[in-house]
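We call the chains A, B, C and D, going by the order they appear; numbering starts again at 1 in every chain.
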């Protein structure tokens, strides 16, 4: 078994990986940039190594520096988390070349799935249904425009090396084409160091349903059922649940078998996710494979009762899978809400800053995976996701009620967050009935805007608290002045009226 | 007893302290009288006990001890203590320049691209600057035909929130 | 369904009950004493009513005041939590008289089980095996001494109205008899308002195993399996787990049936616990029934997948049980550690005080039910338990590893706690092997004492941090002096050398 | 540069600051030199990065800014900053009265029972007073034969930690 792991990541996922390592008795090494010196993953790991300046291109994406640090501290393996280098075939190859275990698939699997065009070709060959689209990566704006004209609008532009919604643009109108291509390529370059894109026919209002898979180095592949990820904003998931309220047991079984077949087709190893788009009639098409741990993996962990990070580490250590497909079942219902530092009332603008106060939800059936703490300054350089709330209960209805309770309990001040927005989703009839697709946010705008009309009694209470706080500061100031006056012969000028200026 | 005005979003309320002992307060808000316990339980976190109900209210000072951002359960507000001095400051700032003549990002970020030069005449809807923060890129455009007067930043610069990036006319 | 519930309790259990009410859409009313004005249950409830001075006899045990408050605020039901009035037959009766639903059993069931002597008689009649002991409550010291001489030492003195280890004393030697009786009766009077005791033969080194039961008002009774509660200190549980590492499936089934029979024998309603003492050969004897929710109920919730507070409320509303015995099973393994504000290196002396800082454990398989927060002052008037950590995984071994991780993550400063002591238990071979009984703490003293020898490198690090903190304060002071000097014409006397005196 | 002594339980260490910039420190502890980053991440919570390892150390001021209770992962310590003034204070307190002559509770609580009267002569092992805190009762006994000189509390009193309850001789 691996004895020491370097975590080439930051934020909540680095903390989450360290937790499982600690439970396995594995020594953990955090890496950090200038901005992350006091970040939770550095505090929580056994060891911590500096890897460079704040921009991720100079630190968390700096492969050679990370490998050098891993060598120096004697780490036998690297866990890449999600994002950053997690789906980088070159990094997986470099780890292999340096005799360091990459906790994830080998370079070939990443390459054939990470490159979305190769992935499509492989899936077509394996008999897996795919969405119509390009078969080659596009590196020039002119070429992209040409291809879009060929397929016909609407289309989706995606980063070839991408995932997680970054570098992704939906184009519906002719006049948006050029700007969309430019933005998608620029974002792709920043996020993945590769500005090539591919283009797919856009299917209106589909469901986004993905299957979790685990594959060992001995040819065994299992799936751990699905996650329904259709609640998206700007093609970024914000709420996920399992089981999906859409698919029937028969379709679930068929999709699970397809997911296992797709995984076997690329000789995969480790934890991965097969993403499907599904229409209202439960027809499903392979969309892409994420060759890494997903943000939303905890809902699967809860319902299937498996620690996915531990499984990844065991697989990377060469162990055969302990779990058999027939032992697995979905027990109860889990929902995850992603908490972002952003302003839902102002076009979801990111809201970095210093955490003034935080109270996290706890109690039965609630898991809260975060990394921020009081006094922590959320850096501007990285993703604005600050935590994930995962709730479970026996029924979907019970889980929604629990999530509402958890979001009510969750208080963060200092930065703006989407917590109230998530609460409104939990109250939304379409969500409660489980009748939603990827157009959910757009179609339910009217239910998702904040309360417009004031509540005079509530205003009065706010005013009184402010007043009490003002009086408290006033009396503290007076006490200080008196204390100073008593203990020394300082002269008091007593400009009390202007004390806060 | 102490009396002053507090602004809460668009509302301006008169507040008067009638009586206080420890965390027990009798307060007049406009014409309504309240008898309440107001307890600071954590830094900036208040518990208010009023008519048998329990309310959690969080105050965040916004740089200035007289300015607050307030979270109640459903609503958030911006508030300010208005005393004589604040009134004077407000009257002085009333005829300050038009904010539309400055293009700024509401949050800290990095300037990714500047699409104009000083002296350029640009059309309504044209993009002036692209700023990236927390992995998201935002385009800043003009609403009317404009002249680029001054560019205060260059590509690659890290900027603060509300910092003037480009001055237009 | 009940619409508004008053919670006649405080601390973590009040918060825990409010959580379930909130998920059910029930309005909650907290009650509080002087000491608890800013306590978490007051902050978290929808409504809050003052009920009296800090000593519990004048507040949380003041039945008439609590009923008056319930009437005034329109609460239809009262949840008593554990401790305080939770096993008080008079209170259950008074609720009934005032037309308020007591969320718990009726006065007759509490009386026949709460009075330990009647309970023994009832159980004997129902064919349930019991431990040899007294058949009448004892109200005089002289009588108690006489009875002890009759049964023969060792004996256990217990509060007739008691539970939770309070007012309980083990007597092994003749000369301890008088002092033990006096202390037990005095503690019983303070805790339960009744100083009568009963005496049982003490069985050396038994296991303490209890069964959770649920009974509705329609004659249905189920059990939710066992909890092994043998890790005790001064007859107070500190660690509980389920399943028990001792009992075999056959014995589990037989004990479960006995628990259901015992429950039916008193026409019970609500959640209850049948406590057994079990010897190494798995012979089991009825010890007592706790006619309320237990501190350790969360491990059952996790393994059986049931919210016990919700079930209690549904039962109290008159609903029949939704769960059938045959639907229930034990999924995986759960352990609870109780966190006390106490000093394990100084005879577990309670350590009340102000919380300077707290970091609670989170992540997969960890539930932390507490009520303290930064800046909160733990009152001297109530129980020193501040929270409970509950861990789950598929296996007992995995759960122990997770608990070690959770305890490592748990940081409380300002008061002393037993966290490091609990960590040492997790490392103790007898515990790891599941081979322990109620003598565990005494028998493993050598493994449970803190590290005696210093670690010079660790000392050096502590010294450097203190030094850095001192330098920080020094520079802050200098900055303040300069700032003051700049902004006003105060004269600085500059007694820098003495700045901290 | 700054130099002083710090006591850590029984140990007395000489500490000297060799260099510091921001949160980067070079420090001499007795004869050993360290190069480390020391960051206060939360109030009283420090992160120390030393030789590639990450350490969490928590400091609690014990009433006096020069006295600390310290939590490291496995060990806890009591520490004190010893400067010239502290040394003087210590020397003055060295010949202070024998603590055994005062019976006190180490924590706040309530006096449940006083079993002696002023002037009583009691025997080794006799209980003097019973104090209840957080629902647990503790008996305070004498180790040798003693005379009860003064009783400073009465039954039912609420007492602070370390407050003298009974003076014995």
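The definition used in the following text is that a contact is a pair of C-beta atoms (placed from the backbone, for glycine too) under 8 Å apart; a residue touches a chain by one contact, two chains touch by 3 or more.
Worth saying up front: this structure is predicted, and the values here are computed from it rather than measured.
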Message: Of the chain pairs A-B and B-C, which one is connected by the greater count of C-beta contacts?
response: A-B
Task: Select the chain at the greatest separation from chain C, using centres from the mean of Cα atoms.
output: B
Query: Using mean CA coordinates as chain centres, what's the chain A-chain C distance in Å?
result: 37
- prompt: Using the average of all C-alpha atoms in each chain as its centre, how far is it in Å between chain A and chain B?
  reply: 30
Averaged-CA centre spacing for the pair chain D and chain A, given as whole angstrom: 46
- line: The positions of chain D in contact with two or more other chains are 42-43, 56
- prompt: What residues in chain C touch two or more of the other chains?
  reply: 44, 359, 373-374, 408
Task: Over in the complex, which chain B residues touch chain C? Could you list them?
output: 23, 37, 39, 41-43, 47, 49, 52-54, 56
Parts of chain C lying in touch with chain B, wherever the complex brings them together: 29-30, 37-38, 42-49, 72-73, 373-376
Message: Show me the residue ranges of chain A that touch chain B in the complex, using the header's touch definition.
response: 166, 183, 186-187, 190-191, 341, 346, 349-352, 356-357, 359, 380-384, 408, 411, 413-414, 420, 451, 454-455, 458-474, 497-498, 500-501
- request: Provide the residue numbers of chain B that touch chain A in the complex, in ascending order.
  value: 2, 4, 6, 8-9, 11, 13, 15, 17, 20, 25, 27, 29, 32, 34, 36, 38, 40, 42-46, 48, 50, 55-60, 64-66, 68-75, 77, 79, 81, 83-85, 106-110, 112-113, 130, 132-139, 158
- prompt: What does chain C use to touch chain A in their complex?
  reply: 15-16, 19-20, 22-25, 44, 298, 301, 305-307, 331-332, 359-360, 362-370, 373-374, 393-394, 398, 401-402, 404-405, 408-409, 488-493, 495
